[in-house]
């Protein structure tokens, strides 16, 4: 455990696409470099409403004590976050959770649904063998498609699907995954996105008998393993997303 | 230096700041962030005889200035608690209080007997709104409360604290019965039964439909109940419910609490306990209050 | 156009949005800011036989996401109400509900008899935490609740609404007794008994020490009680407690409320009632819900 | 009744002295010109905490639909107000209450304690006979003394007291009032300040048998007369500060 409670200065907080924001933070004290897949809990007000911290994955580490979070404006908490100005300081707890495992493989397949792209960018950036990297991304529509440039620069192959067909293939990320996942010897999947998408990624992985690591989400209060609020069902009983997760071997999850 | 020690029954605390059960895990979850030696006492997550799975998720949700939980007493069970969790806690210079929950009087008694030698005090959770049977079933029935405390009292020698439910018409009655049946102290309040609905899905936000409300939202209710209870008993009261800062803790002390517990605040600010301790001392120094006893029950009215 | 009319006993409301007693004065205080014709009904400030002075100040204070009040039922008395306040309200196309409070059953009966012909419905306040005797003394005692409703029922023909106190162990019991004794509908919840202390002066923030907690802080408690009550009775429930926006109102409807009342929100946003009405209609239109009856009790669990 | 619920744009929000701020607002719709002594209820957040509006007197009307409020940073609400930036809009209810009566007299004596100066400036500015105006002001210390320049320009005579003697006379505003209130034929007092000060102003007025109008404060929820939260004791029973007040004839108040 190496989490810390620290203040971070906002270096930048700008729209990434309509409804999505990218915030760059500089920690005001030294923190351990987080592993991709780990997350931070951010406090949104010094008052009592909204009360709880919000969880955000590491998006990218951008040098000593500096990192980025990519987030979607969903409700009140992320709205407040989106209004925080450059130069202000915020209260952060982290890094938390286990992070993605470092594995060797012939092919690394990264599957992102919507804002699920956030931690996968950080993961891709720390991978040594970029030529073995395939990215599958699904969005609702073209305007929501984020991180395309970065992904294009990083990955050996990139496939995009949109629900309305305004960009890439029309359909879901699972559709394009199914179509393209032929050559699967020694393939590992890393996925982040809505629960339903993750379940279908798990189905794909099961069918091909390959490994898949999923970044799971559940409502959280503490992020530290103490409240037992964030559990999900696994083959070994309830596990805490904030402590035993958020990255789980897909075979563990009881859907 | 101001004096902040307090006594809860035969339990001597170096300061009145305790962690509320279920909000500080088994202590170890916070040991990187908080110097556990500085705490008056740690109340561990509620324990039962057998390990419990707890309720299916979602188990928590946010409400205005508060949160709901329906953890359902997921816990490692008494065996693992004694073998694995206690030894860690014992390394620190703080008092350890076990919070226990059973389905029957016999279960409570067995828990108490087994813990009597290894913890510093026992807190009877008769107010958990999140389990079927046991818990709140006791805490809402005067006669059952009486019988339960009486039985546990006979079985255990350590300081016995009864944790009361706020979901009753008259907290004073339960306080009096608890004292009369042999309780050395009272803890209050546990969470307030509540519910929240997602209007998009039309489903309850918690899998278990109802849950317990905690956090600043309930503080005025908790302060009222601490005041009501502490006026009708002579045993000490541990006050809790929405304490976020030292000022809140002092409110409870003035209302009659001898010690206070920090709960939900640990989630929002992991260092809340330490800030409360420091804040109380600072308040006393500024106000030239030498002994915390001069604050306890100091409400003028 | 969506259909939003609802029936509370024999009282037909053009929409389910009502003002909560004591938070909308006698209507006239808001007539410059709100088109009173748009409201489902107006519940006037609680009335007693004789004018009442109420409690000394301070009478209100703010708490996290809520407020305490101990107005103590200051009111003009039934004579002035009928002579001066009602004629103004009668100019509007909305239903008028009188909220009444007595010290004895006889007083409640007399109030009800005198109002029976001049208002559209009568709300029995048996849950006011801010007066000595009367009020909550009834609302916390099942037998007294029964007797009171029974007596008033015999004396008045108009729709009779019983306003229940949340300060009880089991709201369902009170709901059932109210129905069985002849109540046509239930209102819940009234404020939760609470207290706040100024740590600088060491005095209660309210002159009357305790007061009633209202506002968003209590919403999850209120939703829970509306759900519990509406499941055990067949009469309609008017839900209230911390409704600030249409979303909150819909939460109560889903929990089982047939109508809802806006209280503390009127202080924060004088146009809250109108925004709630408009918001409910908008939600129904977007969700293709033609009739509000499809929302009422629509919780899936 | 002519109160309105309106949005106002912040033209300026700057420190007037340490702990005191001056905010200038432009109403985004027409409002009635408020009478000095009337007040506004300002909402401080769109969320629920702090829940209630805060009451602030009109400080000065600065042209069509523009006015100023002078406020002291006291607790959480005024702290939030002090952080509102130029250009933002806030939610305002008002003007509320009765305001000071317009009276003819040989001498108008304005007595201010601390932030009590706020409504008296507006009052002085609307008075026709500035040469009949005497200002008595009390502060804790020199740095807190506000509005001196404006008062000096407006009033025929100005007396200042500070508790620590760092400016003007050492003592309270009541001390200097007592010393200087000799020539009292046809004098009217207008006062605003802490309750205790107002009581002593009333004592002075009683002793000299002159009229005094006091701006009273009490905790408020609605500002509209509906909650009955803001009452004070008067010779005719409880009266609402927000409706029958905030300006009261001192003889009415039961202290």
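A, B, C and D label the chains in the order they appear, each numbered from 1.
In the analysis below, contacts are C-beta pairs under 8 Å (C-beta built on N, C-alpha and C of every residue); 3 or more make two chains touch, one makes a residue touch a chain.
What you are looking at is a predicted structure, and each value in this text was computed from that prediction instead of being measured.
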item: Interface with more contacting C-beta pairs, comparing C-D to B-D; value: C-D
item: Most distant chain from chain A by Cα centroid; value: D
item: Whole-Å gap between the CA centroids of chain B and chain C; value: 34
item: Distance from chain B to chain A - Cα centre to Cα centre, in angstrom; value: 36
item: Mean-CA-position distance for chain D and chain B (Å); value: 47
item: Interface hub residues of chain C, defined as touching at least two other chains; value: 64-66, 215-216
item: Sequence positions of chain D contacting 2 or more other chains; value: 48-50
item: Touch-based graph of the chains, sorted into line, ring, star, complete or other; value: complete
item: Complex contacts: residues of chain B adjacent to chain C; value: 63-66, 68, 140, 167-170, 192-197, 199, 201-204, 209-210, 213, 215-221, 223-224, 227, 242, 247, 250-251, 254-255, 283, 298-301
item: Footprint of chain A on chain D - complex, ascending; value: 47-50, 76
item: Residues of chain A that touch chain C when the two form their complex; value: 48-49
item: Touching residues on chain D, where the partner in the complex is chain C; value: 1-5, 43, 48-53, 93, 218-233, 237-238
item: Interfacial residue positions of chain B with respect to chain A in the complex; value: 22-25, 29-30, 32-33, 45, 53-54, 56-62, 64-67, 69, 71, 74, 215-216, 244, 264, 266-271
